[in-house]
Every structure is written in C-alpha cells, then in structure tokens.
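Consider the two complexes below, in which chain A is the common component and chain B and chain C are the respective partners.
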Partner chain A sequence: MSRSNKMFGDKAFDLLKDLKRSAQTIPAFDDDGVRQVLEEIKAIFEENVAQASSYNSSGDRSLWPLLNYRHAALQRNKRCLLAYLYERMQRIKALRWEFGPIIPGDIKQALCEPEVQFFNNYSKSLAAYMRSVGDGQGIDLTGNLRPPKSLYIEVRCVEDYGKFELDDGEVVHLKKNSQHYLPRAQVETLVRQGILQHIA
Partner chain B sequence: MLAMNYFPNYYSIEDIFVTQEKVECKVNTRLQRMGFLDAGAETEHLEPGRNINLPLWYIKELKVNNAYFTIAVPDIYKNVHKAVCEAETTHIELGRLHPYFYEFGRYLTPYDRNHVIGRIIFETLRQRVRHLLDISKNDVGSSKPEHRLDSIESRLHEAGVRTNTLYLNWLQMSGNNIRISQLVEEHQKKRKRAERSDDEGGGDDDGSPNGKKRSTM
Partner chain C sequence: MFIQDLKNDFYRQLISKRILIIVNYDVDAICASKILQSLFKYDHMLYTVVPIMGVTGLRRAYNEHQGDVKYVLLVNCGGCVDIVELLQPTEDVTFYICDSHRPLDVCNVYSDRQVCILGDPALEENIPAFESIFYDSDGEDEDDDDNEEEDEAGADSGAGESDGEGDGESGEREQPARRKLSRLERHEQRVLRQRARRQWELERDRIMFDYTQFSYYGRSSALQIFELAWKLSKDNMDLLWWAIVGISEQLLLGKIESGAYTLELEHIQSHVSRLTNKTNDQNTMSASKINFENDLHLVLYRHWTVTESMRYSRYSACQLKLWTLRGEKRLHELLVEMGLPLVHARQTYSAMDLVLRKEFYTMVEQLAEKYSIPDIVYGTFTLSFGYRSRYAAADYVYALLAILQSIKKHKTPEDCFMEASDALTRQHKQLLNAGIDNAKLLHAAIFRQVQSCLEAHQVHSTGSFFYYVLQEEHAFFSYPYALALLAKFVLHGHVATTRARQAPDLPLIATCPLDAAQGMCLLVGIAPVREDSPKNFFGKAFDQAAQKSKTSLLQDFFEPSIVQLRQSDLTRFLDALTVLLT
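Take a look at the complex of A and B:
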C-alpha cells in the first residue's frame, strides 16, 4: 500500500513539476508516472468502496474523516493528471504555429502516440480552415505576424538549406553565410524556422 | 487564453502549485486510522493535540470550522505585518519568503481569526506595485531580481519589461524585422547544448543529428 512512503498525490504533483521546469519545450511523456498515478487512484477508490460498503452495514461513523481525506486525494490526483495532459496539449498546439506542419524528430519522440495523432488532426483542421477563408483563395494565418513594411527583404542564410524555388520559377541556392534579397512573403516561414536571418 | 484568467481555473498549474503547500494544523479529535498522516506517530490513529502538516488541497475541502483540525496561519504573514504598518514592504524579499505569497494568502484568509491577512496582502501589493513599475521600466530584460519577487510580481515584471521594449522599438521605428520563432530558437539552443556535451563526452561522435541519443542526455 502506498500509505507508508509518501503522501497521496505527490506522484501526480511530480508530473507537473517536471512540466513546469521545462518552461517552453515539451519533456518526454512520462508513461511510467502517469501509470503510477492511475494505480494510486484505483487503489484509493477500491479502499473507499470497501469502507463505504462496510459503513452501510455497520453505520459506524468514526471512519468518515479518513473517507473524506481519501476522496480529496482522489480528486487531487485527477486534477493533476488532467492538468498535465491539458498543458501538454497547449504546448503541442503552439508547436503547430511555431514550427509549421512538420515538427523536428527529437520533439516528436517526446510525444506519446495519441498526442502525435492530436497534432496531426489539429494541423489538418487548421489547414482546412485556412483554405476555407479568404474568398476561396485561402489565407495563411501563420504568415505576416507583424505588419509588413516592404515587399522584399534582405536575408542571410544561417545554415545550408539547398535549393529554394520561388513562385516565379526562379531557383535560389541557399548556402550558409550567403546573402539574398527575396520576396518577404515567400521567405517568412524560413526566417521563422531559423534557416534565414532577417537583416535590416 | 484560459491559463491567463485571474481566477484559478481547474487546469491552472500555478494554482496546483499553490495548493500543494503544506499548512500546520492541530488535531482536535481522535481520528481513526489516520496516523499515516503524522510522520512521528507510532499509533495507527491520529491522537488529539498533535501538530501535523497537511497539504492545502485537503484543507480547502474541509469546512472552515471543522471539528477535526485547527489551522495555524504561517508566521510569514505575521512578519510581513510589521513592515506593512511601517510602509516598508519594497525591501522585503518576497520570493524568498514564499514564492506564491499572494495566492497562498488568499487561500488562508478564511482561517485567519484576526482578519488581517486580507489586508496585509492588499497593502503589500499596493505598496510594492509602484516600485515594480520603476524596475520594469529601467532594466531591459537582462537582470532579474531573482528572490525579491513573488510569482505574480515576476509575471508583472516580465510583462512590464516586454511592453517597455516594444514601446521603445516603436519610438525608434525599429524591430520590424521578422524574428525567428521563440520555440524554434529554444529548440536550436537545446540542440547546440546537447551537441557540445556530446563533443566533450563522446569523442568520436560524428555529430550527425541523432535525436534519440540527445533526449537521454
């Protein structure tokens, strides 16, 4: 029984502590921790059920505080678990806006299977929505986050990217430390992803 | 956004952190088979007269005048009381005192028989907010007064610094460049850090992107 070593609810709290320590990024999904909390919830619930049924037969009120405490612990565990999942979901949503539809492999490894599915579905519905607005042409909501001042911008390449084809068919070779003068709308994503750097 | 609501919502991690705090309580009646709550007890039951620390999430489920426990108000609020009277709260290192000074106090107000906590936290913030405004206008993001601010205050401070920078940028008509997204930047930094530690430790690692190895570092 878990009553000897730690207080009820401490394991669930550890999950959130872990999440809070890594303020922006997503830590690996703590499969083991979640399972332990679920087991704790189950154990508490079973004890309470056993006690409640014995109360029904005997009418002995002396164990009520204990029952009450266990119930509070159960609710607490539930809250911590849900908050853990919810906070991760918020961060996964933010990934879609910041990284675009494809997320780096090492971040993907930190997600569990349902979370990857959630990301894909979220990405899909966002794309469907963006296609549906804007008089049939669609609007890229992730673009132009700051009001554009000029059509073309000067960019420097931070890493080797390879060939990049512009809308008019022209192909630019993006090599590390090379500088280019490119249409703002088409390279904004690359700047956001850290491949290009916008210089004044 | 839900997380920014003032009143703590169900999913608020901040609020869960506040309610994890322990409060000292005095046991009033014999509580059957609850001895496991008291680390120093030998008996199976919780005997009256003992002082134990209970987490706030349990206490707030009980009635204020419950027959089982008497809740003792932590000393930190008594100590701040004097400073509040002398209007000298700006020098208190609130963050060191308690990281969630205001929120914690808010939960404790019903248990405070002298009805001073409510006034204390209100007065403390009222006296400190002016100072907070001053420091967020002056330092530009770099030096953060680590232990002096409570969590709400440091959020206000962050917001203040951010707005101030935006305002300055607008005045100077700069800052119109497209910036690298914050999450991507964090991720790159993390990757670089991992690569560096790989180089120091691994030796003949060819530096090829190997996510699996990094996540365990």
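Take a look at the complex of A and C:
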C-alpha cells in the first residue's frame, strides 16, 4: 500500500478532530471527508465479503482473525461518522436558540441540504411547542434563558443601522460609535446580530 | 439662561425623558459624561451618547438625531457658540449646556428658555449686561417703517409711531405735541437718534471685544456633575474618582490656575472623607480607596523609572535643563544627594527598594528648594484598589490623553473616545495600562523633539511672539493635545535657555502639518510663561489676523487657540499676526 502509515479509521478520526478543533460556530460540512470514509467502509466490506465467500467454499479458518479485525474497523468508521453527524446536529440545534428561526447567510453555507431541512423542521417543532405553552399566548423560550439583571442595557453601536423604533414610539438613531441605553428586550436581537455591542 | 439648582431644574425635568448627550473630545468631558451615564442608568432613562470633535461634528451629530430627541445635553462643547443659530432647532427642543470653556456666548446666556447653561452666574466674570449688547429689534423695525413712510408721504400717520422706543403712556401724551413738529425738527431728531445709535453700537463692539478677547476655562464639568450626583445622594467612589480625574486634567493641561485647583481640593477632600466613611466595604480586593496626598509633578513616575520620569516631565526638565549634558550631571547630583542609587533610579519604580520608595517623596521635597524646583509638589489624589493597583489622578489623565490621541488608520477618533471612556472603569485595567505605556512613548517623543528643537535653535522670535514650525507630519504631534503639550514644553525650555530678557513675556505659536494630502496644518497658541492666569488671547488674535491676511481659517475646535490653516497660507498668516501683535 502506498499509504502504509495510514490505518483503517484514520480518516474518520480526522473528521471528528477537525470538527472539534474548529473555532467557528459550525464548520462547513466536510463532504469530501465523509465520502472518503464511506468509500473506505465499502472497500473493507467488499474485501470481507470476498474472503467470507472463499471461507465458505474452502473452510480455511486461518483468515478468521483478519475478518474480525476488518469488521471492527468498519464498525469504528461507522461510529465516527455517526458521532460527526450527531455533533453537528447538536450545534445546529444550538443555532436555533442563538440566532432564531432564520439562519445567517454565512452559516447557512456551512450546512448541507439535509441539515438545512433538519434545522427547518426543528425550528418548526420548537415554534409549535412555544405557541402551545404559556396559557394559549405562547412564550418565547429562546429569549432569556437566564433572568436578566436589569431591564435596560448599555450598548454601543458597531455598525450603521439607521432608525430603530422602540415599543413606546421613541425613535433611536443607531449610528456607528454612538452609545445608547435601551430596553434589553427590544435590542437583544440587534445585539445577537452583531449590530450593537453590549458593554458590561 | 443659567440653571443653578441642577437637581430640580435640570435633573428632575429630564426624568423619564429620552436625552441625547453630545460629548467633546477631552478628558474632563468624558469623565462628566461617565458620571451622567451612571446617574441616568440608576433612573432607567434612555440616553444616547455621541462623541464629537469640533463644531462641524456638533452640527452633524445634531442633524442626525434631529426630530427624535427633545432634550440635548452638550458636555464641554457648544457654550461658546450661538447654539440656536448654529443648529436651527425647532421650538420644542431644549439644550442643556455643561461647558467649561469660557467666555460663554451671550446669546446662550440670554436665551430665555431653549438654551440652559448649567452653572452659577455669580461665578461668571463680567458678562455684559443685556441692555448694553442687545437692541430691542421691535423698535428698530418700527423705526424703519416709520422712515419709509415719512420718505414716501411725510404724512402725520407715521409720526405717531416714530416713538417706538418710548413706553406707551408717555408716547400717547406726547403725540399731539409731536404732531406739530416741523419736518426739519423731525429730521434733526432722526439724525440725533442715529448718532446715538451708532455710538451705542461702537460701545457694544467694545464691550463684546473685551468680553471675548480672552479664552479661558471655568469649573470642571465633571466636578459640576458630580455635585449633582451628590445632591441626588447617588454619589459613590467611582463617580468621585471620575470627577477628580476631570479636574486633574484641567490642572495638568494648564486650563485653570493652581489657586483655583487648590480651592476645589478642599471640597473634594470633604467628599472623599465622607464617602470613605460611608462605604463599609472592608474587603481589600474589591474596595477602592481614594487618598489625598502631596505628590510630585513627575510624569507617571509610579509606572516608570525615576530618571526617565524626571527627564520627561516638563517642570523638572526645564528647571534643570535636562536636555543638556550639564543638566544630566545636575540630575545625577540630585540623585546622589537624595541617596538614591543609580541602579534603583534606572529601574521601574515599582521594583525599587521598598525603603527608597517610601522615602522618595520626602527626599525630593527636601531638595526641591535647593535645586530650584519648589513647585514640583502639589496636592492630588490616588486611587488604590486590589493589591497592586495604585494610580494617581495624573496617571489617569496622561493615559486617557494618550488613548485619545492614539488615532491610527484602522482606529477612528470615535474608537479612541470609546476606549478612553472604557479605560475609566476599573474593570478595564489593561486598557488603562496600555494607555500608560502609550503616554510614556508620547512624553519621550515630546522630550526628544524639544531637545532637537532647542539644540538646533528652531524657535524663532518675531519680537512679539515666538514661533516654532514642525516641518513634517508626526505620528504624535498632528493631534491638538500632543501639539499643545509639545508647544508648552518648547516654550518653557526655550525661556529657560535663552538670555533674552523679555522671553518669559512672549507667547509661542507652534504649527505642525496635519495632513500632507490636503495641505492643512495645525496651529496652537500658548500663553507666555510669566503669565499666571491661563487666559489665552490667541483665539481672537487668530481670528483678526486671518481677516487681515484674508486667509481662510478653520476654527473648528472648541479650544479657540487651536486652529487649522492651509499650509500655503502660513507665512502670510504669521506676518499678519506679527503686525497685529506689535
């Protein structure tokens, strides 16, 4: 083998390590890596099938350990792939809580098609659940997971936004580098979107 | 209109309203706005803080927020310009001005509702009386109408109104008599009236000139706002410290006389002891403590080495002439006499021997007379919190100034402002420390510049003032505060070395190219050394010189003694100024 130092399962392991190391909220779906692992699994499986059939015909038991070893490698690859997908799923769920029902553009690019579907479904069920609780009025569970210390927060504008109307009709002009003291509930989304910066 | 009772007439009016705070770029203003912000936070009042630089910035900031806000507070800006005319606000907008720049614009002073100045009119000097500068414009209009009518027809109907200035009753009684006056007499009266009017105008111009001739500074805005906080019983150690930083800036930049500073010290001291007794936080880690102590006018010496701090401080350097070899020797002499080993003097102060550190102040104080640096001692406050953090008010001021000046390509002035206001809070110690490091660089650069300037005799005299021209754009000196610090150092250094007898009486003008692409340069005027009061006449002088030489001057800063000028106009402008001041 040309890649003599590569062992079975290395690729799958790399996949997981990359995911763990990535600093972003969610790294791009590693299409290539997943495909390679799948190919490896397939190759192992085919070799095993070929040898198993030869064992059937000849009854040579000397290949038993090799067969078992291959099978273990195959299982491991499978576990790694599942772990990869599961971890990504967890992160996608977290996205929903963090960013709300609409995924920001740059993050959307990192997801693959089935993942986007999952996100939408998850979002839908969460929304349906939130509507159902809270005495028929619904309650926004994503709002404050921890009770806020004060009703107002001090924010600094990081980029130009323009006029922003508060619930009581006050219009605030959000311009870069201005500092404001505003009701927490109303500007929370802007803070999440990165337009405002919360000053502790 | 002045507001004396800040609590009832200012703060209570604003509660539950939204307010726009426009803050000038200086340390005092930042401190004042920080105090205000925490007050507003306590009362859950929505506010917006916008930092601005100069008059154009003020106008832009107001226009952006126009219509949304009804209450605007100007901190350290806007007092010296006619706000109503500058911003053209709608009737329902109210401006509160908290400005330490003087003289205040008379239109602001006599505005009856729209412009409110926070402060005590008793403290203001010689504001001209209303009657002597404002003419009843209604009377004027009638006068004009009257003239036209008379010219047209000379009919009796117009004559009745000609007495527009007199009050109603006497006017009516005089009417029949008036009617009989001949056309000639009426004409005579009009001439007389015009002459009186002209005289009055001359007198008004004189009064206004006297009033606006000098620019100077009043009470620190931060201190004023702190007193509001105190009256609202919402003061605490942090607010007090910010007020102290605000007033220290005024002292260190020479904005107020040391006498005024000493008077304020007493007030502050009483606040300090009151608050210290009030807080029962005994935990060393979290408690902050403010101490009054006599300190030395040495730049950042707690965070630097003793030799460097002595060399880079204006006062000690100029008295000992530390840029010369002899000065260096004298410094060593001083150190020897103090008993401070060179090894210790050359390492960071905090690493010095504890005994030496404790005795450092007394050692310098004892020898101050002998080495003719008696004014090196002044009273100030130090803030200590945690186990290691101990800062003098001056350290804060220098650090904040350095942060304010640290404008770079990717760092806009607004970023610097925000950083400076962050550095004031105790949680952001690393910002402050970075600022202190920056300040060291700045002071070292100033000293080197002074040294090279004095060695090369670059300070020229025109007979009535000195001038010093920096030829190249400089990373530090293209900003107003740094240039002013440099100019002051140069002037004091030059006076210390020169033999000319009238040198201490002459002011200095320093210029530095601002932006090579636009060909603008920055011009700073510094009052003479011997002049005790920090009053600066350059604002008016610049204005007049510009008019005489027909150069366009950009007086955008709120400090009138700092202006911008086209580089090509510089010589013409200086010539005009020479003529004007001789």
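We adopt the following convention: the second predicted complex is superposed on the first by the 172 of 200 C-alpha atoms of A that agree within 3 Å, B and C clash if a C-alpha of one lies under 4 Å from a C-alpha of the other, contacts with A are read in each partner's own complex, and residues count from 1 in each chain.
The rule is simple: contacts are C-beta pairs under 8 Å (C-beta built on N, C-alpha and C of every residue); 3 or more make two chains touch, one makes a residue touch a chain.
In this text the structure is predicted, and so the values were computed from the model without any measurement.
**Q** Going by the contact rule set out at the top, does A:Tyr181 touch chain B (first), chain C (second), both, or neither?
**A** second
**Q** Could you look at A:Tyr152 and tell me whether it touches chain B, chain C, both or neither (first, second, both, neither)?
**A** Only chain C; A:Tyr152 stays clear of chain B.
**Q** Is A:Tyr86 contacted by the first partner chain B, the second partner chain C, both or neither?
**A** First partner only, chain B.
**Q** Would you check which partner chain A:His173 touches, where first means chain B only, second means chain C only, and both and neither mean what they say?
**A** second
**Q** Between chain B and chain C, whom does A:Gly105 touch in the aligned arrangement: first, second, both, or neither?
**A** first
**Q** Chain B or chain C: which reaches more residues on chain A?
**A** B
**Q** Take the contacts of chain A with chain B and those with chain C, and give the residues found in both.
**A** The answer is residues 199-200 of chain A.
**Q** Quick one: in the complex, what on chain A touches chain C?
**A** Within the complex, chain A contacts chain C at residues 151-152, 154, 156, 163, 166, 170-173, 175-183, 199-200.
**Q** Considering the complex alone, what residue numbers of chain B touch chain A?
**A** 3, 10-13, 16-17, 20, 31-34, 36-37, 55, 57-58, 61-62, 68, 176-188, 190-191, 209, 211-212, 214-215
**Q** Under the stated contact criterion, what part of chain A meets chain B in this complex?
**A** Per the touch definition, chain A meets chain B at residues 3-4, 7, 9, 13, 16, 19-20, 24-25, 28, 62-63, 65-66, 68-69, 71-73, 75-76, 79-80, 82-83, 86-87, 90, 94-95, 98-99, 104-107, 109-110, 146-147, 149, 153, 184, 188, 191-194, 197-200.
**Q** Can you tell me which positions in chain C touch chain A when the two form their complex?
**A** Chain C residues touching chain A: 18, 37, 40-41, 44-51, 64-65, 67-68, 412, 414-415, 417-418, 422, 427.
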